[in-house]
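Below: one structure, written as structure tokens.
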Amino acid sequence: MEYGKIFIKVYHIIKDECTQGSVADYIPELTRVNPDSFGVHLTTVESEHFSFRDSEVKFSIQSISKVLALTLAYEMEGESLWKRVGVEPSGTPFNSLIQLEYESGIPRNPLINAGALVICDILVSRLRNAKNDFLEFLRKTSGIHDIHYDADITQSEKSTGFRNMALVHLMKSYGNIHNDIEEVVDLYFHMCSIKMNCRELASSFLFLANYGVNPHNGERIINISKSKRINAIMQLCGFYDEAGEFGFRVGLPGKSGVGGGIVAVYPGKYSITVWSPRLNRKGNSHMGIHFLEKFTTETQTSIF
Amino acid sequence: MEYGKIFIKVYHIIKDECTQGSVADYIPELTRVNPDSFGVHLTTVESEHFSFRDSEVKFSIQSISKVLALTLAYEMEGESLWKRVGVEPSGTPFNSLIQLEYESGIPRNPLINAGALVICDILVSRLRNAKNDFLEFLRKTSGIHDIHYDADITQSEKSTGFRNMALVHLMKSYGNIHNDIEEVVDLYFHMCSIKMNCRELASSFLFLANYGVNPHNGERIINISKSKRINAIMQLCGFYDEAGEFGFRVGLPGKSGVGGGIVAVYPGKYSITVWSPRLNRKGNSHMGIHFLEKFTTETQTSIF
Amino acid sequence: MEYGKIFIKVYHIIKDECTQGSVADYIPELTRVNPDSFGVHLTTVESEHFSFRDSEVKFSIQSISKVLALTLAYEMEGESLWKRVGVEPSGTPFNSLIQLEYESGIPRNPLINAGALVICDILVSRLRNAKNDFLEFLRKTSGIHDIHYDADITQSEKSTGFRNMALVHLMKSYGNIHNDIEEVVDLYFHMCSIKMNCRELASSFLFLANYGVNPHNGERIINISKSKRINAIMQLCGFYDEAGEFGFRVGLPGKSGVGGGIVAVYPGKYSITVWSPRLNRKGNSHMGIHFLEKFTTETQTSIF
Amino acid sequence: MEYGKIFIKVYHIIKDECTQGSVADYIPELTRVNPDSFGVHLTTVESEHFSFRDSEVKFSIQSISKVLALTLAYEMEGESLWKRVGVEPSGTPFNSLIQLEYESGIPRNPLINAGALVICDILVSRLRNAKNDFLEFLRKTSGIHDIHYDADITQSEKSTGFRNMALVHLMKSYGNIHNDIEEVVDLYFHMCSIKMNCRELASSFLFLANYGVNPHNGERIINISKSKRINAIMQLCGFYDEAGEFGFRVGLPGKSGVGGGIVAVYPGKYSITVWSPRLNRKGNSHMGIHFLEKFTTETQTSIF
């Protein structure tokens, strides 16, 4: 299919909305971005590439890294992982701390902050050098070597991350954090600091569109069952309290980050990244969601 | 594909679990069923039929009817429907009343009780004779005339439905119920009382596997976009606080009822109903979920 | 002590605030009042009377009647009453339904709406003609015969009382309402409709300042222990989520109503009623609380 | 009044309950106590002393110190204190984190952990050497020099205090903690570690029974209005979610600690400390509450 032409068509339909929403500003590094940036990259499992506008500009992937951290932890830990974190949507953001209390320190899923902190705890337990090993894993899934942590973002996240510190201490009080808190949050804030461009991110997630195998080199990242389960978790939990809205409008499993990126996968066919840093009220890329909604309608590639 | 043989294979894998869980007993009518009943029926969009064991026994479909009520209301009301009910998962059951309060009487989605009551309110507003017209709609989607309300179940539901009465009054206090409460709950309790067998139920849902068209007669029930959106809502919200678990394990949009029925659809291919009245702790059919998990694995028909 | 002079002094200190706050308007009957009305009446256990301004104007006592309903139910039911309703403050108003769910249908205390509905249920069970017998009880505690239900207010309360209907149905679902819901809420809405003036209301509560005995005629209404316990409950729970603020600023047990009335008792000495219909954001009389704060400071009659 | 004889009489009434409840065991230091210890000391504002059994044994006062920290902070900060912490009861313990979220980091009152952490933050801001200055303040209110922090308890509290760390980080995320978190929690855990005996503790609180003046030496600790307000806060908030029960049964303002101590004050007359380390399900001394209930009934010294 000629995805590139559809990019142009869809972009023209929605481009009048390009000034809606606001760039995240809770750390200074996120504000140093052109708010009108817009990039798309789609990679098929047959290694076709389609790109549009700012697809080569690196941006902060933020929470999108949680899916890749989950993949690595799930591969090492297996199904016992689910004793420490659930697979259910989280409801309202307002509920995050309530639910941790009500459910005795077990986060609802691995893609909310509390769940990602448990995943980090598992990686710290399992890996010799978690920060380094996670970067290596990213390089393996994407086939791209030039992926790094951003020291400034890490530092800013740490200096404002009191709410995440509250979450990790609460889970520690329930026994669901096994390692030293400082080490766990250090990994967590590093993960959130990674910068990638649309093309790199689409490559990193392509194994989830290919039933667990990196199609670039045929290497299996994770087995087919786990690959499908990670997609199911993205579908249910990838957009905080807008998961339903995304599923309803876009119809693909995906994950967003407050840097304005969204990755989505169409199993058996492609992975796609859209980047547009202005966020809607729920903290997801305004243009990103609209673009994907029109794109999946035009291409009839919703999973539903 | 020879689905029938796979039914047998999967059933043998899981049959040792057939005594796990308990039949719903909050109304006497639900207890008058053989707890060891087990039926399956699959219908493809090419009108192939595959059945297994008790597929012709009628059972109380309960909450499964909420999807069909949503379909009818959505078709008449259009996208303005979503001003009165959301499309997000509901989180824990414990939250139901909290969220109605916190979100000013707007239920999280149309498949929880509060949301289905709003759907009933819309049907009462839109239809001349809502109870009768809803039955006619069911007959149209299924192609089966022999579908009725069960007066005993309706009566039992009404005499124990205090919690639903609390929900409807709370929403009325927020202005989100427009009609007389008695009329709305009368429709609601009638809907829950319908009895169908696995074959009939699979037929009723086949249009959702066929992008909105009833393949038996080519009649369009709802447009393709709405059909996909209803599937997305089932995926996110069809199993109360076990939606994630069902998506994770089965990988298909579906809806359960406390009568022990589960309907699931594989877009483009088939709809399937499993019925086994023993429920797990979350109120969903224990055997039904296990059967579908193994079945979608064997047939590789998860949407993910 | 010359309370009358202190009334004048305190009133002059606070009278510039007399336009702050708004009259309750959820039913039309409450708006048909002069918003600048202001009345006070204090009665001592030695039968001295001190009045100021609009002390003879009848107003809707609303929730103040809950204390007298509790007294009657407690006298008949004894300590087993506390199996069905707690004695703890309710926290935020936002919590009302949460807490009923979390605590399985047991309201936190008898002065919130849910608790008063349970008290009404007890009165319906215990009394031959609850509506009539409750009025007779009021006449006994106050020594005043001219006390009646207001039919217009009752009717208005019923036609807007959906939230109370939600509460009573939720409690019925937990088995904590034993009688027919219609009968219970009929008594409840009648109670809220009573009209009294400041003098009558101060007389009605004087037994709580006199350790359970009506000092007008020496008749014991309730024993000393129960009288003290009712005062403790008023102290902890009499002002919804402003109970702490009232205790902190006024330092007396008391109860407010949305009609703008406040009754407070100083054990061993006096009961006092202030009426001013403009309410603060928490739903309590703005001038009433300020007046009592200054009055207890001037007279050094806080219990603390 | 001959309080000593009443101690004996009341103790004999309740002594059969002396094995009910369990000693707190979340830190090892609290378990190193004779569970059957029982001590009482009452001091009147005329400097009479009445003691019973283990009144000279030092125990960990734990949360009781929060009232004295509040006194010191309130004296220095004045009414602006209440911008950072409320005066309302907290509702269920389950709600602690919910309410901090819902109310944007403002704790409900200064006697729950979150509120006491804000008080510690104020003391750190206001005092040159907060830990030292607080000890000096205790020595001043009690007239006793031999009061110290217990290093072992401090250390144990720190190593298990993850939940308090969660609270302080959450409040920091809302801007309601101004100082370095480590310094604030260091003061907090030190405060909880103080050991005193019944006589010392009764002396420390006597100013609250004497309208703000230490009757031993006539020194004013705090003005009369603030003294009454602190008593009101104890009445409403001194026993976590058993504040209503304590007010209802005992009828005095008071504060408990998990070390098994309870202090109560009867304004104008006396302060009393009871110590018995076995706790009820709500975390308050089982025998302590029963003793005070019978004692205030016998002596007719409830404030209600």
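Note that the chains take the letters A, B, C and D in the order they are written out, and that residue 1 is the start of every chain.
Going forward, contacts are C-beta pairs under 8 Å (C-beta built on N, C-alpha and C of every residue); 3 or more make two chains touch, one makes a residue touch a chain.
The model shown is predicted, which means the values in this text are computed figures rather than measured ones.
Annotation of subunit A and subunit B: not jointly contacted by any chain, touch as defined at the top.
Most remote from subunit D, judged by the distance between CA-atom centroids, is B. Both subunit A and subunit D derive from one sequence, and where they touch, over half of the residue numbers involved are common to the two copies. Averaged C-alpha coordinates give centres for subunit C and subunit D that are 32 Å from one another.
Remark: subunit B and subunit D have CA centroids separated by 55 Å (rounded to whole angstrom). If each chain is reduced to the centroid of its CA atoms, subunit B and subunit C end up 47 Å from each other. Looking at subunit A, residues 94, 102 sit in touch with two or more other chains.
In terms of inter-chain touching, the protein chains here make up one closed cycle, each touching precisely two others.
Counting only pairs that meet the touch rule, the chains in contact are A-B, A-D, B-C, C-D.
Subunit C meets subunit D in the complex at residues 86-92, 94-95, 99, 102-103, 108-109, 225, 227-229, 231-233, 235-237, 241-245, 247-249, 251, 253, 267, 297, 302-304. Those residues of subunit B that touch subunit C in the shared complex are 94, 97-98, 100-102, 162-163, 165-167, 169-170, 172-173.
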